[in-house]
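For reference, the structures are reproduced in the following blocks.
Paired with chain B in one complex and with chain C in the other, chain A is shared by the two complexes that follow.
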Partner chain A sequence: MSLEAIGTIGNFDFTILYDDFDRNRFLRSIIYTMSISSACIVISTTLGLWLALVYHSGRRIPRLLIGGFVAIFRNTPPLIQLYFFFFGVGAFFGGLFEGSLVISATTWAVIAISVYITAFNIESFRAAITGLPSGCFEAAHALALPRYLILFKITIPLTIRAVLPSLTNNLVELIKATSYAYTIAVPEILYVSSQIWADELNVVEMMIVMFVTYSALIGCLIYFMKSLEKKLALPGYGAS
Partner chain B sequence: MTNITKKVNSWTRCCMALAIVLAFSSGLAKADTLSDIKAAGTVKFGVKADVKPWAYVDSQGNPIGFEIDMAKKLAEQMGVKTEFITVTSSNRIQYLEQGKIDIVLATMSDTPKRRKVVHMVEPHYFADATNVMSKPAAGINGWQDIKDQALCGVNGAFYNKWAAKKYGSEVKAFKGPPEAIAALKQGQCVGFLYSDQILRITKDENSDLSDYVISLKPVNPDYWGMAVRKDSDSDTLAEAISTGITEMHESGQLLDLAKPYGLGGNPFLKSKTTD
Partner chain C sequence: MSIAVQNINTTRSSDGSMMHYMVPGLIILVATTGLYLTGHVLGFQQLRAHSQALGVLSEWTPRLAIGFTVDIYLTVLSVAFGTCIGAVGGYATMSQSALLRRISWWLIQFFRNTPGLVLLFAFAFTLPFQMQLGDVIIPLPAEAKVIMCFSFKIAANVAEIVRGAVNSLHVGQWEGGLSIGLSRVQTFRLVILPQCLPRMLAPWMNVVALFFTAVPIASLVGIYDAVTYAGLALSSEGSSDLIMPIYLYVLAWFFGIVFFLQGLTKHFEIRSRLIGRSTED
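Up next is the complex of A and B:
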């Protein structure tokens, strides 16, 4: 059976199976979504951990600033944040230097989504840090360990173990949030699918394909996070 | 006890009979779309909300424009009121198929692909072509100049794929013309690919677009048509609209409706009047 025959089974019209142009742009869009997601995951996790540690150190002004950052980017809808960055801040930059400083839509998408999920990550990491057993730190002080050693050998490893379930939630939300970038014409999965269905008028088919694709991508992330949890699990710690 | 049992039994039988009658009557009561519209007293048009002067909104949020006026005249002929539902290029056909609207009247070009899915009503009510608006500094003077360039466009326009395939341009399709123009001004693309006449009118209306030019020869002449669902129920509705448009063309009423919106010079409309 040719691909065209499979693609047009019944009343369906899966043009991505038999049309080269559609198939290529759809596959490219999957790579695009994966790249944007990877960049955002790295940025938001690193920033989340670092800012949560700064917050935990208790100094007043950093606490205020970080608290303000979390409030702004957690309390506003991500799509509005994206519009603000692209159409608002972007218009300001476009007007500077005779339009030679143009920040691409993809860059804005990475910035907006990273910042949005960083706000959630800061709270997740903060919860993990405050939940760490104080016995470890008392023992560390008793051994007169320097602060940097406590940070890198005790706090961070234990925090990473504790944060994984909550972090998984946030990263799943991150991958889903990349679909907001379709509004600023970033060629990720939803944008390219909407182009294909506008050209080929096969809405239902592309919806099915998108659901399957996003489920598969997020399934991979969850598999990775779960295996990380298993690998880092402390023997005898937590419910058996 | 037996009296109550008798009552319950006769009540159950009554319900079953009612259910059967209703099931059959819903089949018998199926009438065509035009009769449904006349019975309901309103016809639902799917219209755009951001394409001045064909269909946009006034300061109170009411729909106005050339297409809106045309819809009102058609509804008058059918003897019903109008209900306007906002659609975009990328969802107008889906709304029609789902029954959210009865007629698509949303700057839609007649293409063979669309004809497979909807019933295009002839005669067409407008005609336009494709063009690109850009800054002179971008150097877009011929269609070859858009080769491999980034263009801003509107999602759902049929010439987006044409430009991508023929010239290798990357068309960044946004929700509507305002978003595309905002991106163009920022420098995200070298030009705005859209309908020729819409581009000209948008440029005239906006003083901050005064240093942009529409310098290409308009290609892809495209005829705009209204559409109804592709089932036999909508045939009488299509006929009614078709007759209505033909009359409006011949009497010159359609051209008169276009004039206050600056569209009186459109060659297609002028050619359709019989004088």
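Up next is the complex of A and C:
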């Protein structure tokens, strides 16, 4: 059976199976979504860990600022945040002076989604750090370890292990949030799919394809995080 | 050692703990908006030409308020329907029939793991604009489709909450209900659910608050909500200097409403903790 025959089975018309143009742009959009997601995952996880450590170090002003940041970006619509960054801040920087740097829509999408998920990640990392067993720190102090060694050998490794379950939730949320980039014409999966169904009038088929694609992406992420969790698991800790 | 094990497992962020962040958040947001507007009104030279930001905002506030009522109305209806469907779904995940359990699990995973925007487009673009049941023609306007989509989205989250709350009850409650001759559904409705309600309230409010921040995507399928009115305000004023203040203003509105919801959550959480303590003693 040829691809065209499979693609047009029943009343369906999966053009991405047999039409080279549609297939190529759809595959490219998957790569786009994956690269936006990976960039956001790296940025939001690093920032989240760092800001949570700063928050935990307990100085008053950073605490208030980070707390305020988390509250604002967790409790306002991500769509309006994206509009604010892209149309508001982007236009402000773009028009600041002649020949100033123009930041592309993709970059703004990465910035906005990273900031939104960072707020969730800070909250998760903070909870993880607060939940660490105090005995480890007492032991470290008893061994007279310097602060940076406590940070790198005890706090961070234990935090990363403890945060993985809730971090997985946040990262799933992140992949779902990349579809917001559709609104500012970033050629990711949803945007390209909408172009394809506008050209080929196959809305239902593209919806099915999108559901499958997003499920596959999120499934891969969950599988990766679960195996990471298993690999990093401390013997004697966690659910048996 | 056992305490340490417990500690490392309780890393999920507690739901009501956002409240102590909210005040600095509110201060920062109000301060930013305020500074921006003052900058506009006092005016640097190039800003002075469009220094009526405050006037424009107050002029558009009634329209934006209409948009917000639409957002709130969508939220209230979706949450009402979604909670009912979710309670049934939560029951289905614990039913005796393996088939029902499997189907409900897949449905919940589907609605939880699909991007909200994709789901919204699927409902808005693939459902017909009217349905015919016998002789009755039921129109399906965009609002109905949006509410349907959001309801299922909430139902999936509510079902998870219901399942979690029921699992946290002692199994003896089920056995007790069944032993006095109630059916499973009756036990669930009369014995289990009333005991779960106080513990479900805080996470449920959290879902509502989080969901409320996702409602503006309805503007993408033609609902006239706050974002649509903000866009209308921008295009009719035609000044790029207004973009930041208007979106900041809308953000602040949303933040205020969620602030109120989080306050309620905190209140309920404290109350449910008190209730839990009094029944344990």
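Things worth noting here:
Operating definition for what follows: the second predicted complex is superposed on the first by the 238 of 240 C-alpha atoms of A that agree within 3 Å, B and C clash if a C-alpha of one lies under 4 Å from a C-alpha of the other, contacts with A are read in each partner's own complex, and residues count from 1 in each chain.
We adopt the following convention: contacts are C-beta pairs under 8 Å (C-beta built on N, C-alpha and C of every residue); 3 or more make two chains touch, one makes a residue touch a chain.
Just so it is clear, the model here is predicted, and its values are computed rather than measured.
By the touch criterion defined above, A:214 reaches chain C but does not reach chain B.
When both complexes are overlaid on chain A, the residue A:203 reaches chain B and chain C alike. Look at A:194: by the touch rule set out above, it reaches both chain B and chain C. Of the two partner chains, chain C is the only one touched by A:65; chain B is not. Greater residue coverage of chain A by touch, when chain B is weighed against chain C, goes to C.
By the touch criterion stated above, A:24 is placed in contact with neither chain B nor chain C. In the superposed pair of complexes, A:172 makes contact with chain C only, with no contact to chain B. Judged by the touch definition given at the top, the superposed model places A:183 against both chain B and chain C.
In the superposition on chain A, A:74 makes contact with chain C only, not with chain B.
Using the contact criterion defined above for the overlaid structures, shared-chain residue A:162 touches chain C, although it does not reach chain B. Overlap of the chain B and chain C interfaces on chain A: residues 87, 91, 183, 194, 197, 203.
Chain A makes touch with chain C in their complex at residues 64-65, 67-72, 74-81, 83-84, 87-89, 91-92, 95, 123-124, 126-128, 131-133, 135, 158, 161-163, 165-166, 172, 175-180, 182-183, 190, 194, 197, 203-204, 207, 210-211, 214-215, 218, 236-239. Per the touch definition, chain B reaches chain A in the complex via residues 89-90, 93-94, 113-114, 116-117, 152, 155-158, 160-161, 165, 172-175, 179, 182-183, 185-188. Across the complex, chain B is touched by residues 21, 87, 90-91, 93-94, 99, 102, 104-105, 183-185, 191, 194-195, 197-201, 203 of chain A.
Contact residues on chain C toward chain A in their complex (touch as defined above): 3-5, 7-14, 18, 20-22, 24-29, 110, 113-118, 121-122, 125-126, 209, 213-217, 219-220, 227, 230, 234, 240, 243-244, 247-248, 250-251, 254-255, 258-259, 262.
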